[in-house]
Structures are given as structure tokens and as C-alpha cells.
Amino acid sequence: MDLQNLLIIAVGVIFINNLVFARFLGICPYIGVSKELDSAVGMGAAVTFVMTLASTVTWLIYTYLLSPTSNNLFYHLLRLNAPPDLTFLKTIAFILVIASLVQFVEMVIQKTSPALYKSLGIYLPLITTNCAILGAALLNIDEGYLFIESIVHGIAAGIGFTIALILMAGIREKLDLADVPKAMQGIPIAFIMAGLMAIAFLGFSGLKLGN
Amino acid sequence: MKDIVKLGGLLMLITAIAASALAGIYNITKPRIEQQKALELERALKNALPGYPREAIDEVKEENQILYYRAYESPDQQNVAGYAYVAKGQGYSSVIETMVGVDTSGLILGMKVLNQVETPGLGTKVEEIKYGENDPWFTRQFLNKNAEAVALEKDGGDIQSITGATISSRALTRSVIEGYQYVLQDKNTKNDKDGS
Amino acid sequence: MTVLAEFSKGIYKQNPVFKQALGLCPTLAVSNSVSSGLGMGVAATFVLLCSNLIISLIRNSVPPKIRIPIYIVVIATFVTIVDLAMAGFLPALHKTLGIFVPLIVVNCIILGRAEAFAGRNNVGLSFVDGLGMGLGFTLALVLLGTIRELLGNGSLMGIPVMNMNFEPVLIMILPPGAFLTIGFVLAFFNWLENRRSK
């Protein structure tokens, strides 16, 4: 496996195409959880974990069950004339996988760290509707990544998301003590901050990686 | 335990119903979607190889992947008159894909940018059509030049790059050369009859 | 509440984007032009209407423990239908909206309305609720799209509107512009509310 290629994918999705600042994925939990540093880190870790697992499982399902290639298991097991094109089931299959994974992660966190479970609150089951996870899974397919590339992309996308969350939480903790105009307090100023950070991340987009 | 099996079964049933409904809809929309793809390809080829009817163009494939296209004088002729290929180059923020049509000596007959997600207002100008004109000025510069020798003015050639979008301009220009070299290499190994 | 109130609450009082902060991902992503915003709004409204209808119809037969996955399957089905229909009949819009068409399935507005309303109300009210929320979502998208396209590209619906001397503020159609625009618009609505309650 080309290590340099994997590194390019990872750096690409953490900085150049950061899920939050460049692709607009994962905004809802971003606004909701980024108020405190601790919950931000916890949420980021949970999302990275689910994203990696989801990238793996969804890639396998797409390649071996849905795509009309010679890998298709239905084609082999049912001895069909041609590989069936089941790509239209992508959305349903992927979201069901993600929902199940989140349920599973929820149970694990509840057992291992009740404090984290409590601080994440409702945002934990909401990871299911975190467009970042479904988005990353869909991107793996769209970009035509191979298996290892998809896993690396999943991990790195989660890291990029976590970085965005941590940056935001750090700033918002300080902002709470600042004198913000009443109309701006809360969500509006959070968006303005995100906008300023997005401008900073825009600077990465000229980064030339590889040859 | 029985509870989980019952609930799981119900969920599977509903998913199965949904999947069947979707399969039905898919079968209805599939021909339409294929049609759209074919139309898009036809439009691209028309721009890249003006004057050649779609029936006179065939595909060079390898394992179900289209490598490039061959154009003949007319649908029943044997001699290849030109080629069309999709040039791909990593631009500023996306891979710029361009359909390029050349004749057998490498002279560019036509070009059409297919896909790009470059910086709006800068790199996106590769597709910009100036007010009052009919086709993008940037790609028009490539017409009647040799596909192996195109270069930006700042790289010693005569293609004017887009102000503020050197990376996008250069990427497209280079991709034209690389794509053509691929076609040359491939057709020589297959000994196409094209009199060149 | 009256039927009219159920409908109109989605437009201002409980606007999904500006008041409930839902559906933010697609809002930021496709609000860089009026036509994409409109296209996404209509597509999402269609999914919302259909899913609200079905979920309301089956609301009494769904075991509470698995209601969320079932809602998700229903929503995902309609999203796929919209995806296929758009690819077949509106390929340009489909290309522009890209990954955000399948992402309609995780648009918190749709799952949110299913859980908060359609799962507990009759078909008629659920339909009206869906219509109102969908319209509110579309209006939010069009409002943001208008601001961003006008300032960032000097055009509306692709038609140049500003005169030749206008230098477009490019950043408005780039990601930072999305965040900044929605931040200021949200602040504006907050300011309006604060004035009203004085």
C-alpha cells in the first residue's frame, strides 16, 4: 500500500477539505457540543470511532453486496447472469449501518464511562444524524477509495472534525466571559467564529501534496 | 430475547418493503438516467470533435473501462480520423476533467471542460464565456494547436493563463498533453490504422 | 392549534433553520446560489411531506422501541426516490447539489418533525406541519442564497443583476461566507425578537 498516498488522503481531509470548515458536514453537533472543551473532546472521539467503523462496514457492504462488479456476493451465491446493480440501496443501507453502530457505541460508553455518557447527553444518539458520518461514508464511494484508503479517510475525517470541535470549544469558553452584543450571543457568534476559522482553513487549499 | 427477534423482524420487514418499492422506482428511472448520461457524453463529444456524427465515434475499452474515443470519417469507414479523450489534471481544489478532440496529427479540434470545482471567480473561469461570445475563451485558445506542445505563456508557450488562477490554468494545459500522450502510446501498441 | 397556525408556525415562529437551528449542514452548503437553495428546499420539502404522511399513517402500529430506525427507513426511501428522480430529470441540479441529496436523510428537520409531530398527530395535521416546515426551510435557504449570490457573484438565479463595476465579494460564495451570513442573519432575527419582547 502506498504510504505516501494514504498520507495525502489524511492530510487532505484534515486540513484542505476539513469536513466542518470546507465541506459543511457535522454542523449540528458542532454548534451544540462545542461549548465546553471536555465534551468537545469526548464527542470528537466518539465521532471518530463511529466514523472509522462506519467507513469500514459501509465500504464492505457497497463493494460486496451493492456494486455491479465481479465482487458482488449475490452474483456469486445466487449464480446470476450478471452482477446486479443495487447501488440505489446505498442510502438506506448506509444509514441503517450507522444507526446500529451509534446504538452500539452508546451502550459501550454507558457501561464504561457514565460521566461522559451524561455530559454528551442527547448529542450521543444524535451522532446518527451527524451528516459528517454519512457524508464521509458516501465520500469514500464517490472518490473511489480502496479499502485501506477508506479506513484512513474515516479516521482522518474524524480527526479533522475533532480538531474543529476543540478549536471551537476553546474559543467559546473564552467568549463566554467576553462582552458579546445580546443579539449575537450563543449561536450567532459561534457561526461568526466558525466563519473566521473557515477563512483560516481556506489558506490550506493551495497546499500542493505529492507530485 | 424474543422481544429483540420480534422487533428486528419487523424492522427487516419494513426495510424489505422499502427496498422493493425502491427497486421498482429504480427500474423506472434507470433508462432515463442512462439517457441523461448518454446525452452528456454526446454533448461533450460534439464539442471535442465538431462535425463527426456520434455514430462515427467508437470507444476504446479495457475491461469495461472506457480509455478514449476514436472517430472515423463516417460510420462505415475503416480509417481513424481522430481521437477524443478525457484529460484529467489536479487543479487548485479539484480534478479538472476536459474532453479533448484531436485529429490524427495531434491537432486539437475541440475542447469542453466536463467537471471542475475550482475557486469560484478564479479557477472556475476555465469555463467562463465572455459576454457576447458563444464559447469559453480559455479553452478556445487551444484550438488548432498541437496537443503535445501546448503551454502557458509563462511556461514558454502561447496560452494566456487566467489571471489569479495559474494553478488551474496550468493543470488543464498539462492534462491535455498527458492525455494525448496516453492515447498515442496506447494506439501505437495496438497499431491502429490511421495512416500516421 | 388551528390548521392555519400549524402551517404557519414553520415559516417564522418555529422556523427550522433560524429558530430551531436544525438542518444547518445543507443550509450552509447549498445557500451559495438562489437556484441551489430553491432546489434543495423543494426536494427536502417533498421528502418531509411524504415521510410525515407515511409516519403519521403508521404511528399507531409502530412499536416505540424501534420507531427511530423505522422512521429512518421511511425517510431514506423517499430520499432515494428524490435522488433517482433528480438524476433522471434534473441532472444539472443533481450535479450541483451533489452529496447533499442523499444527505437529506440526516437532515434533522425531517427526523425531528417525524419524532415531534407526525408520530403523534393525524395525517391531515402532519401534512400541514410538513408543508409549513418545508416552506420555512426553503425560505431560509432562499434568503441566505439571495444574500450570498448577490454579494458574492453579483447575480440572482444566474442572471447578472449588479452593474459592470460591482466587484463581487468572493468570500460570500465560499465556505466562510456561509458561516458569516447565517451568523449575522441569526443575530438579526434575535435582535428583532428582543425588540418585540420589550
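Quick notes on this structure:
We just call them A, B and C in the order they show up, numbering each chain from 1.
The working rule: a contact is a pair of C-beta atoms (placed from the backbone, for glycine too) under 8 Å apart; a residue touches a chain by one contact, two chains touch by 3 or more.
Since this is a predicted model, take the numbers as computed values, not measurements.
Path length between chain A and chain B in the touching-chain graph (shortest route): 1. Comparing the CA-atom centres of all chains against that of chain C, the greatest distance is found for B.
Annotation: A-C is the more contact-rich of the chain pairs B-C and A-C, by number of C-beta pairs in contact.
Rounded to whole angstrom, the centroid-to-centroid distance between chain B and chain C, based on C-alpha atoms, equals 33 Å. Averaging Cα coordinates per chain places chain A and chain C 21 Å apart. Of all residues in chain B, those touching 2 or more other chains are 15, 18, 22, 26, 119, listed in ascending order. In chain A, the residues touching two or more other chains are 88-89, 92, 96. Multi-chain contact residues of chain C, defined as those touching 2 or more other chains: 69, 73, 76-77, 80, 84, 174.
Note for the complex: chain A touches chain C at residues 21-28, 31, 88-92, 95-96, 99, 126, 128-131, 134-135, 138-139, 142, 181-185, 187-192, 194-196, 198-199, 202. Those residues of chain B that touch chain C in the complex are listed here as 7, 10-11, 14-15, 18, 21-22, 25-26, 29, 32-33, 35-36, 40, 119-122.
By the touch rule above, chain A contacts chain B in their complex via residues 16, 88-89, 92, 96, 205-206.
Chain B contributes residues 15, 18-19, 22-23, 26, 92-93, 119, 167 to its touches with chain A in the complex.
Those residues of chain C lying in contact with chain A across their complex are 21-22, 24-26, 28-29, 68-69, 72-73, 76-77, 79-80, 83-84, 99, 102-103, 105-108, 111, 171, 174-180, 182-184, 186-188, 190-191, 194.
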